[in-house]
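Next come two complexes built around subunit A: one with subunit B, the other with subunit C.
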Partner chain A sequence: MTLAERTDVEPGVAPSTHPARRRGSRTARPWLLLAPALLVMGGLLLYPLFRVLVLSLQDFGLRELVSGRTHWVGLGNYAELLGSADLWTTVLPNTVVFAVVAVALTVVFGTIVALLLARLTPVVRGVVTTAIMVAWAMPAVTGTYVWVFAFAPGDGVAVQALDALGLVDAATADPFAGRLSFYAVAALNVVHHGFPFVALTVLAGLLTIPRELTEASIVDGAGPWRRFRSLTFPMLRPVFAVVTVLSTIWDFKVFTQIYLMPGGDGVNRGVLTLGTWSYVESFAQNRYGLGAAIAVLLTALLLVVTVAYLRLLFREEEL
Partner chain B sequence: MRAAGKGLGVAGVLGFTLFPVYLMVVTALNGEANAGSRTLWPADWTLKNFAYVVGEGGFGRYLSNSLLVALGTVLAGALLALLAAVAVSRFRFRFRTSVLVMVLIIQMVPVEALVIPLFIQARTLQMLDTLVGLAVVYLAFSLPFAIWTLRGFVAAVPVELEEAAYLDGASWGRMFRSVLLPLVAPGLVATSVFSFIVAWNEFIFALTFMSDDQNYTVAVGLRRFFGQHATDWGAVMAASTLITIPVMVFFVLAQKRLTDGLVAGAVKG
Partner chain C sequence: MWSMPGSRTARRGGVRRSAVAVAAVAALGLAGCGQGDDAGAGADRTLTVWIMEGTNPDAQPFFSELSTAFRQRTGAMLDVQFVQWASAHDKFVTAIAGGTTPDVAEIGTTWVGEFGDAGALVDLTPRVQEAGLSDGLVDGLVEAGTLGGSLYGMPWYAGVRSIVYRTDVFTELGLQPPTTWDELVAVGQRIKEARPDLLPLPIAGDNEFVVYPFVWGAGGQLATQNGDTWTSGIDSPQARAGIRFYADLALEHGFSTPAAATWRETDVRDSFTKGQSAMIFAGSWTPKAILEAAPDLQGKIGACPIPGPTGGLAPSVLGGSLLSIFNTSEDQDLAWQLVQMMGTGEFAAKWAQESSYFPGTTALLNEAAQSPDPLVAPFARQMVDSGRSVPVTPAFGQIQGKKTIAAMMHSILTGEATVEQATSTAAAEMNEIFASGA
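And now, the complex of A and B:
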């Protein structure tokens, strides 16, 4: 996933400038070198992707799992899925709205932090960057538990703080019960985990903007907002495009952060996303066929975003 | 005024980024956390939560399971990714672009889509509940990114160096060992750190594949401290700290390399 930044951030590295190798005519060697990796990826990523498509056309439950028999139902799972009120009123809005809001917050906050970092002295910048690395390094599992702990109903430190500000009543507030407050906590978690990537990438881009340009625009009397809109943003458009698309892909498939929150594992059906719904339908209800159909829907959604990403990349650099 | 604004911004970013880590560590060290104490500054500082987690809690076992799986993933991943990266950046061959595009696209596939078929496959192959089964899956997950990153490192090694080795009479294998390998070592470090983190942090497959609690990895083992009605938060946070520390050390130590090579990349769970 690095290649766009390789052009944007490290213009010195241009993999495609070498002329064709004369040894390239020996056709067997590259394939021999590739074979082990392709075997692993083919067997554990591509083939399962095909299998999930096949499964989505079957009624696959515990009986089929044990006996190994297949029971084809055609598009039955998809009919059930698309006919489900849950999908349209709960799951799809949860997945899409959450992803859009989380991406917007991540990119905006990450950009603001990058702009701040660019204006700091090297020492302070080093300190803040280290803190950002610490946030980035926090594993999704432990990060989620910490946020859950902070927002624990009644006595969580964040709930107490909100109570002290008069925003909620700590005695009755349960942030995980309501859909909106559940996702507000999830968004906080996802932004905390996701903004370091945006901030550091945008910072790397900011540092490539020639100082003369900024100075000239100051001389011309442009204010900070005008400079961002007319100089920084247009120059870093490819960087922004890449961080936005990558964040979108990540936030669509957020699983751990939702599943580990109270009620996120299917107990509270109002907060299901496509990812958690697929998992719960498969492994809690043993309806692997329907779960597979939901997973196919999620994959299809992601494919659309991925195609956008690829079109973006291929304009940037020859592979 | 401007300086004050900057100072405020710096304080805000530091507070937001460090708050979860601080809360985690402080609760892990809070002797009364299990008794319901929720505070940012404990009255009773202690290491007994850590002692409980590693001893009675059986977390040492999970740590060594996770370490084994992660090391397996890193070693196999580094080897396979390096070979593949050399193939795509040093040779021109038919379908080269198709291979690269596949490597890119495959990273976008959601794990939720893979967990169902892989669970059924692993069940048929009797690989469920084994650490090897888990390591093989993580290997597949970390490969696309590792190949993609290493490809840049290999391409950055001047071809002239390789040609000089051939002129000196080296075979391809000798050149690979003595010229290419040492020069892409920094790239191997970066991708190994990434593979380690993928394997160390992974949750959904570990949850699905492992049923015997002797085989739990850290991410799943944590759930042990959640009771039906009350959660042992001191223990949860002590165990969380143990999980988080190695990853943070890696990140902060490899900061320069990560920001150069991987900002670009995708270190995200």
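And now, the complex of A and C:
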């Protein structure tokens, strides 16, 4: 939302790059002011990150935990991970496809809801916003159980409804058995849980677009789609960047929503994602070194994805 | 959650003067000094005890009684803390890592070997021998708690899985509880024909503990030990025959529903309490819960052991808990006194009775086996005659963590793989874990 406000700032003219401020005595000041925050972040973020990196080079199990011995294996954990056939044939494809689909659906649906909200009167908007906030506020565990309940084979509400429409046979259909249907339910859950954030963030952006611009474009004869493409989207690009990057990070490492679905905890090997796979391979087996290696790889992967996204959305100089 | 002061004190040992003194000392940061010699007066010692929540639905009265009795006997206090089963493993592991383990804890059968192997538990073998208990403990539990000749826990209670069925359906159709595998199929077929509204016998994909009786019943092994190395036996011809029979109850005979491929044990139980199933594989602790959930089934349920292929009983997994002492405990003699008090005699019998599990000593178990209760006796028979432990090696804990057997059953029940393919995959996965764990 802070980025939304930034849209009226001329891009590329960040105050800190002003040449007049480049004098030696002044360069220390920002760092001094940042020091407390950096210290806290260093302690709370960088040190654990460093520990994870160190741990990923060890064979670390319960035995090592109790005895305090360390058993270095170099890049052994990484070799084991990258050499795993499951990773390339199921886990990674599942994760990537699911994340792409879920992010696309979340952002598109969230944007549509935001455009709808922007047209409402403030009172009605308040009511609708409150309603969708409930979906966002619902803990992932609760939400997942509700969806699982709705799709429970046999007597789930959704299964019964599909049966009434003649699409499936409620007596034999199991939405959690097939890979596609499993992920359809998971995507429904994840999108339902994720779209309110997108909707509210985009709405905040929409409200900052000066009315004159919209009116001018209408006078120029632009239809709704054209207005969105040529006016709204370019103006809200930073907002879309934020919601897309955040949604990607969330959907890439989705765990709860998959793990709690029937078969999602490793029983149905066809539906493992990076999140559940790493849990099953490392923590469920007390192999913390391997788990750390997975965490490092996932972080690296997400960094790459994030940077790629940002480059795609902004011109170089805007970054 | 554990606060920092708690972790400091517990690392130095669980025997405390008093909670207030401990908190004060830790708060001052005087972790290395400050507390006097604890060994003296027993009056102000406290043992921390972790108990799994939910085994005994109402455990408070039991533990207040135990605390009183223990104080009378030793002068020491008990600090009993309840831990959820679901989060217990993580909690133990973090406690081991942070040195905040309790003095005494109830530990599930499949975890004792793992924690013992890691060096977190006290070897109780000499104490058990000294107390003359060696011959009086339930075999399956001793087996589960023994690793490399050391017993890391005192058997406390156990349960076993058998068959729970609807007596009203059996009476209506003139059926007798099955005593062989052929009879099991015949009974199921009769129910399927006469009562199409019922699932004769749902087969859950995610319940490894019912696969094992059929593997063992057919003469197979889960894994065999040869010296220090373990080898999976899940792809042996016998094991495959057992698994095929079990899977065919669903696939060939249609006693189950396709949805059950992802069911857990609780889903099976739900289908029974909802009146949708005629027979289920269920634990000895379930009849009570079933009747609580579905009071209208009162008088309509019975139990029978899982039969062997041509008679006798199929071995069934004996699951339960042992009482272990953690290495960090400073007064292990005192801790052992508590373990003995809980694991034998009056309190052991009382706990078993209240929790509807079976006690861990043979004397008490044999007493329970005499029970005329039709919902207790068949389970007792299965447990006394054919209770068996899963392979006791930390690697098997890893295999369970990876859900190897459940994944195997899931792929068979959904038709993704044949019994041959699925068992080969599972065996390869098991052998890989055995090899890396050694």
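FYI, the second predicted complex is superposed on the first by the 259 of 319 C-alpha atoms of A that agree within 3 Å, B and C clash if a C-alpha of one lies under 4 Å from a C-alpha of the other, contacts with A are read in each partner's own complex, and residues count from 1 in each chain.
By our rule, a contact is a pair of C-beta atoms (placed from the backbone, for glycine too) under 8 Å apart; a residue touches a chain by one contact, two chains touch by 3 or more.
This structure is a prediction, so every number in the text was calculated from the model and none was measured.
Chemist: Counting only touches as set out at the top, which of subunit B and subunit C does A:97 meet: first, second, both, neither?
Modeler: Touch status of A:97: no partner.
Chemist: Which of the two partners, first being subunit B and second being subunit C, lies in contact with A:167: first, second, both, or neither?
Modeler: Neither partner.
Chemist: Figure out whether A:143 sits in contact with subunit B (first) or subunit C (second), or with both, or with neither.
Modeler: A:143 contacts subunit B only, not subunit C.
Chemist: Once the shared chain is lined up, is A:255 touching subunit B (first), subunit C (second), both, or neither of them?
Modeler: first
Chemist: Which of the two, subunit B or subunit C, is in touch with more residues of subunit A?
Modeler: Of subunit B and subunit C, the partner in contact with more residues of subunit A is B.
Chemist: Of the two partner chains, subunit B (first) and subunit C (second), which one does A:108 touch, if any: first, second, both, or neither?
Modeler: A:108: touches no partner chain.
Chemist: Looking at the overlay, does A:157 come into contact with subunit B only (first), subunit C only (second), both, or neither?
Modeler: A:157 contacts subunit B only, not subunit C.
Chemist: Go through the superposed model and pick first if A:82 touches only subunit B, second if only subunit C, both, or neither.
Modeler: Neither partner.
Chemist: Who does A:65 touch here: subunit B (first), subunit C (second), both, or neither?
Modeler: So A:65 meets both subunit B and subunit C here.
Chemist: Identify the partner contact of A:213: answer first if only subunit B is touched, second if only subunit C is, both if each is, neither if none is.
Modeler: In the superposed model, A:213 contacts neither subunit B nor subunit C.
Chemist: Need the overlap of the two footprints on subunit A, from subunit B and from subunit C, as residue ranges.
Modeler: 65, 283.
Chemist: Inside the complex, what are the residues of subunit B that reach subunit A?
Modeler: Subunit B residues touching subunit A: 6, 9-10, 13-14, 16-18, 20-21, 23-24, 27, 36, 38-40, 79-81, 83-84, 86-94, 96-97, 99-121, 123-124, 136-137, 139-141, 143-145, 147-149, 151-152, 155-156, 159, 172, 197, 200-201, 203-204, 208, 219, 222, 233, 236-237, 240-241, 243-244, 247-248, 250-252, 255, 258-269.
Chemist: Inside the complex, what are the residues of subunit A that reach subunit C?
Modeler: Residues of subunit A touching subunit C: 61-63, 65-67, 153-154, 171-174, 176-177, 262-263, 265-270, 280-281, 283-287.
Chemist: Spell out the residues on subunit A that touch subunit B in their complex, using ranges where they run on.
Modeler: That would be residues 1-6, 9-10, 13, 15-16, 18, 20-21, 23-24, 27, 29-31, 33-34, 36-38, 40-41, 43-49, 51-52, 55, 65, 68, 113, 116, 119-120, 124, 127-143, 145-147, 149-150, 152, 155-157, 160, 192-194, 196-197, 200-201, 204, 246, 249-250, 252-253, 255-256, 259-260, 274-275, 278-279, 282-283, 288, 291-292, 295-296, 298-299, 302-303, 305-306, 309-310, 313, 319 of subunit A.
Chemist: Within the complex, which stretch of subunit C touches subunit A?
Modeler: Contacts found on subunit C: 93, 96-97, 114-115, 117-120, 205-206, 257-259, 261-264, 394, 397-398, 401-403, 406-407, 410-411, 414, 416, 433.
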